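Here's the structure, in structure tokens; my notes come after.
Labels A, B, C and D are assigned to the chains in the order they are written; within every chain, residues are numbered from 1.
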Amino acid sequence: MIYLMLLPILFPILMGISLLVRKEMKNRPALLITTGVSLIITALLGLLAIILARGEMLLLFNLTATLPIIFKIDNMGMVFAGMTMIVFVCAGFFSFEYMKHEQKEKRYYGYYLIVFGILMALCFAGNIITFYLFFEILTLSSMPLVLHNGSREAVMAGLKYLFYSLCGAYMALFGLYFLNKYGNTLSFSEGGVINAELAAGNIQLLLAVAFVMILGFSVKAGMFPMHAWLPAAHPVAPAPASAVLSAVIVKAGVLGIVRVVYYLFGASFLRGTWVQTAWMILTLITVFMGSMLAYREPVLKKRLAYSTVSQVSYILFGLSVMDAGSVTGGVLHVICHAFIKAALFLCAGAIIYKTGKTRVDELRGIGKEMPLLLWCYTIVSLGLIGIPPTGGFVSKWYLAVGALESGMPGFSWVGPVVLLISALLTAGYLLPVTIHGFFPGADYDYQKLQKKEPNSFMTVPVLILTVLSVLVGLFPNVLINFIQQFVTKIV
Amino acid sequence: MKEIMMLVVILLPIITGILVPLLPFKQRKHMEVFLEGLVVLNSLLVWWLLTGSQEEAFTLARFTGNLTITFKIDGMSMVFAGLVSALWPFATLYAFEYMTKEEHEKTFFAFYTMTYGVTLGIALAGNMLTLYFFYELLTLVTVPLVMHTLTREAILASRKYLYYSLGGAAFAFIGLIFIIIYGNTTDFVLGGVLDLNKIGDRTNTLLLIYVMAFMGFGVKAAVCPFNSWLPDAGVAPTPVTALLHAVAVVKSGAFAILRLTYYSFGTDFLKGTWAQTVVMLIAMFTIVYGCSRAVKETHIKRRLAYSTISNLSYIVFGATLMTPLGMMGALSHMVFHAVMKISSFFCAGAIMHQTDKHYVHELDGLGYKMPWVFTVFTISAFGLMGVPGLAGFVSKWNLASAAVESGNPVAYAGIVCLLISALLTAIYMLTIVVRAFFPGKDFDDSSIQDIKDPSWKMLVPLVIFTVFIILFGLCSGPVVSFLKDVANGGY
Amino acid sequence: MDFIQNFPFFSIILSMFSGTVCSVLPRKAARWVNTIVVSVAGILSLILLIYLIGTGESYTYMMGHFPAPWGNEIRAGILEALMALFFCIIMLLSMLGGRKKLDDEVVESKHNLYYILVNLLLSSLLALVYTNDLFTAYVFVEINTIAACGLIMIRQNGRTIEAAVRYMIMSLLGSGMLLLGICMLYDLTGHLLMSNIKESVELIMAEGTYHVPLLITIALMSVGLAIKSALFPFHAWLPDAYGYSIVSSAAMLSSLVSKGYIFLLMKIIYRVIGFDVFDGSRIIDVLFVFGLMGMIFGSLNAIEENDIRRMIAFSSVAQIGYIYMGIGMGTQAGMTASVFHILSHAATKSLLFIAAIGLTDVSGGSRKFIDLTGAAYRNKWAGVAFMVGSLSMVGVPMFSGFISKLLFAQAAVQNHGKMLPALIVLAISTILNAIYFMKTVIRIYTPVEESKYESITFKNMKLYAVTLVCFIILNVVLGISSQPIVDLIEQGLAMFA
Amino acid sequence: MGTNLFSNYGEAVAMILFVIGFTNLLLQKNLIKKIIGLNIMDSAVYLFLAEKGYINGRTVPIVVNGVQDVEAYINPIPSGLVLTGIVVSVSVSALMLSLTIRLYRRYHTLDLDEISIRLKKEGL
């Protein structure tokens, strides 16, 4: 029973490897079926594992005498896992259509599956070593997705992604060494593992270490100052890949930070220290800067990438406040942003796939050509801006309220203000597409207009994601209660 | 009885080497069988010796005074001798295939095999004088290997190698003298042999001498600023570069440093002195320097050579921590790096042998033509980067945690150096991998159509090494605990 | 008194007379006489050595019937006997090894002359080793000089004559100073016999009078001998003298003549002035510094050299620097190291000279490195020998050079003031040695595609090869089982004091 | 000091001569002059010896009419030394002169430096 939690990890990885090593397969359907089936199965296995093996701990083996590889499904992991599975399945099916106009599909699907498995592993990781292990492998295995189309630009972006993430990973590793000495254990436990008497006298050192680790993981989460890779890497990838990257893989960084702050060092250890302040400042800068850059960005996918930068820092801000409400908001925003951003990227992908248009100013009248898609786009955009009754609104509400309640001098109101401004900017960079799309203006000639609505492979996933994002907004209480009950434990 | 065996395992390869040019072999195959047979036999003997019960020291000859040529098996000799004797048969096997393209291979194999014996001599040396003696001898027998191709740069390189090594030995010699004068004995005793009463108020002089001797032995371990011979020596045939300049020769330098630090001067004498700081800084600088040079380098073997430089300084860094843990880390990196670097060198050799390509930018797309070689190369690259689950991670973990444990601020900085170098390692190794596997969109493989993997003689060692990289990475428990015993004076 | 005690006198007188006899004998006979005499002298000193080890004490031997302080005396201790034995061996081997060259390079008529000179040299060396009388020492120093000069210029060409003249001038300066020193000492003490002088010197020191004159005397004698033994910076004459004279002369000059002077200096230090007095004077530091400079600059010159023979010559400048460094340390250990280095350097350097000649022969007689490429394959024996010599010079264990390096370093550690400079210079000069010797070795072992020179086989150089083998064995013996010899040296030095 | 100097002026002169000879032997270019310098140097030493050996108011140790008591004679050894030294220096100078003649025959000059320059030209 307990080994069940290995299945959703190993199965997709093995499938992916088998796809990779197998020689180029001629008939496309076979490939698609294999992939699709394994995606579904993985998702189901994941579900099964969550249901059956929840809360249990599995010690796989020892890396060295002191480094065990442990898997454990706790609530935080469940949230991320669920989000991951949904997005991956949707994006996967979307790519069946999208990948038609790319070569080397087999390789793409192979790595796609591997990344899926590794993300599951990340969510189920029971101690920091395991987490770090898969974190690094995640970087290595998701790089091929980035540089898939092999253009010079893509390869460069891929390498950039690789080196930034590795840099982050190594910063995290640096902290790991110290945790190994000053912590009781390396496995995640609510409220932190810092050994008081060992830590005594080395507080400053440990704070520095914590800050370095936060920075390290925040590289993946695209937090300022280590965000530069994200706008370069996400857009060059195939649209479904960028959806996955932007929606899920960045969240791996978030998860890492959550684990470090709340499960290793413990909120109590960091609350009120310079680390919290510095971290918070960075997040706010990122929030603002990200939206600003997105606002100035003409290329749609790049614009979305920048928006990711800013939105993920919403989450990080929530976490940095270390108040129950704000953390709840952050975790909730993880989910909302995942759905929304995935949907947005898929839309962008569909547009590129059908029309080949990438720049926002080319998209006039796109709403006439593919109305369904653009409606989805509009709805999720509203969600991202944070207009009720979408999910984004709820999460941001909790973020802001939490910040206000936290009563930190200055930040308690600076934070919300920044969030508000950024929300406005979000509206500023997302809605123009809708507006020009639906109201192309007088000089738009409807003669040339032909329907370009993509087939269901593309529309269905987008629809699902949109609906989900709305549902979260409509019936938030289920999730919120669930999240709050375990967040209160760790904060 | 077994005492004599120590002498036998040293002399057998030397005699074999002398015989090779003299014996009239009907055809090449006979020589191969003869050599491989004897080498394997010797390795078996060595292992039999090591696994056997503890033996008394065996004194061969007697110089002036109480200076003797003595052999003894203690923990460190077990590690080094075991390592060398494990690698040599494979390297020889590989050399058979590789040398088919080179001339007068008889001389080559003669010296190649003699080197085996001499290296074992270093490993089994029971006192400083013996170590010094074989150290000098090693230089002499390896020079012909470096100048094997007899091109102009080969000769220049061999000269440089000779001057550097003999010069280094000259300074190491001073250290030897001081151990003779101020030590109770010249034999290796864990914890040092210095007689503090004899030293009196001349501690600083002795520390100065230690630094001198350290630099002297450091020449072979390629610490800054005495490392420029190593990349030049890369002109030698690849089996030499792989085994000698990644394992035997350079590791014997590191080995000598360990002997000097832990077994002659003694850690309690050196620890916390300015000397320790100096040597540690040197090591740290070399770690970073080597990597950055490797990044700049475009010739594959030279790049690997620079990587060796930095990795050697990992070992030296571990040695300079002057704690049992540090020694353990040093030893583990000595073993693991040997396996990883030799396999990556063999890959480079295989590439050169099959394609006559020497530069990184020529490798585009070779990944699919030589899948085996490049898979192995990728794995070794990951290993060198320190991806968890591979050997490199373990040794780096040991080193870094030892550095943390030592509580020495300089050592903390050393950890940073380790991580920086890990990042740089990723850069210089993965650029090769990415080139090989992702040649880019518009790449035509017509030029490399008929390139394929080398024959089994080359592949077998590669695969075996890879297996070991993974094994060490996943369950390094037994090895590490053994090394820990060694470092704590067990055996 | 035992009959054996006559042996020193016999060996001296024998070689001297045989020299005169050589002038009338035919060439071959002369050669034989020479060979036999040298070996006989060797055997005599060997027996003497064994005898002395047996008795364990030195003795003085009265020449004629005048007892001290009037008569002239010979003194024999273990160290003297050892030196004599060694000098004989080296001389014999160098003669054998250089015989072929002698026939090639020197005109027939001069051969007898050559043997005369060699015998004279031997006798004067033995006298220098054995004598107990300062003035006799001076006389034999001059004889030694004249003989050496003859050896240099036996090969008639401008270079050698010029070298001879330079050599003459330098060594005359030296001997002049030595003579003056001796006279002043005689003036101070009223004695010429070493033992008596020492007593009165101790008296003077005890009274505390005549310090300055004594200091001047010491300075005159040691500097004089230093000049004669080509200590840097008085080495200007050396490269030509060693570089262009015929090989056996070069070997003997480098390994015997200069060593004879150094040995005399040691004798003076111990038996005339007294070690402590000498140690107290500034001169010792001067010698030390000059030694160090010699070690560095000799090697530097050698590195610049493009001519193998001259390179080796310059290297002996460096080696003499080693010896003086050892003397300059002013410790028993340093002195022991120096004596041992006299032996090991004698063995190694003559080996190198003789090996070098073999290499140049198979390279069309050219001594330029460019022509020597691959010579070691054309003349395998010489190649191996040269390699051994080089390794020994660089100080690789198992060869004699290593042991002397070891002894020097150990001695250096005991003298706190001079430790670091000595050790560091030792290391640096080792590196420099490595640079030029190993460069040469690599050069001669670098094969050339089609050599324009024919290679030489064992058949037409039996004697030569045998000599080389003997030299190599000598080296290795000194290198491996040095302990007994070191013990002998220490005993001998003890007998001195 | 001054008085001492005057009282044994003989030694002082010997020393001065020695220095003169020494410098000549060292610094003169011309070979013949060098040799002369050599001889000056040597004779200076002999002068020194003789001076030291002579005691005022005594006679040479040669027996003419019956042996007188020891006080009558000077110490014979210095004189013996001088004689030996003269022999040595004669032989040495003879050798030097012969060498000089050879060189002159070859190079028609007595200037040592010029000779060595010529040799360099010969490139022997």
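Just so we're on the same page, contacts are C-beta pairs under 8 Å (C-beta built on N, C-alpha and C of every residue); 3 or more make two chains touch, one makes a residue touch a chain.
The structure presented is a predicted model; accordingly, all values stated were derived computationally and were not measured.
Note: the chain lying farthest from chain C is A, by mean C-alpha position.
Centroids built from CA atoms put chain C at 44 Å from chain B. Note: centroid distance chain C to chain D, computed from Cα atoms, is 28 Å.
Rounded to whole angstrom units, the spacing between the C-alpha centres of chain A and chain D is 104.
Chain B and chain D have centres, each the mean of its CA atoms, that are 68 Å apart. Residue positions of chain B touching 2 or more other chains: none. Annotation for chain D: no residues touch two or more other chains. Contact with two or more other chains is made by no residue of chain C. Taken pairwise by the contact criterion, the protein chains link up end to end in a single open path, with no chain closing the loop. You'll find the chains touch as A-B, B-C, C-D. On the side of chain D, the complex with chain C involves touching residues 18, 21-22, 25-26, 31, 34, 38, 41-42, 45, 48-49, 52, 77-78, 81, 84-85, 88, 91-92, 95-96, 99-100, 102-103, 106-107, 112, 115-116, 118-119, 122, 124.
For chain A in complex with chain B, the touching residues are 61-65, 67, 129, 132-133, 136-137, 140, 144, 147, 149-152, 155, 158-159, 162-163, 166-167, 170-171, 173-174, 177-178, 180-181.
For chain C in complex with chain B, the residues that touch the partner chain are 391, 394-398, 403, 405-407, 409-410, 412-414, 416, 419-420, 423, 426-428, 430-431, 434-435, 438-439, 442, 445-447, 480-483, 486. Those residues of chain B whose C-beta lies close enough to touch chain A in the complex are 382, 385-389, 393-394, 397-398, 400-401, 403-405, 415-416, 419-420, 422-423, 426-427, 430-431, 434, 438-441, 443, 473-477, 480-481. In the complex of the two chains, the chain C residues touching chain D come out as 70, 135, 138-139, 142, 145-146, 149, 153, 157-159, 161-162, 164-166, 168-169, 172-173, 176-177, 179-180, 183-184, 186-187, 192, 244.
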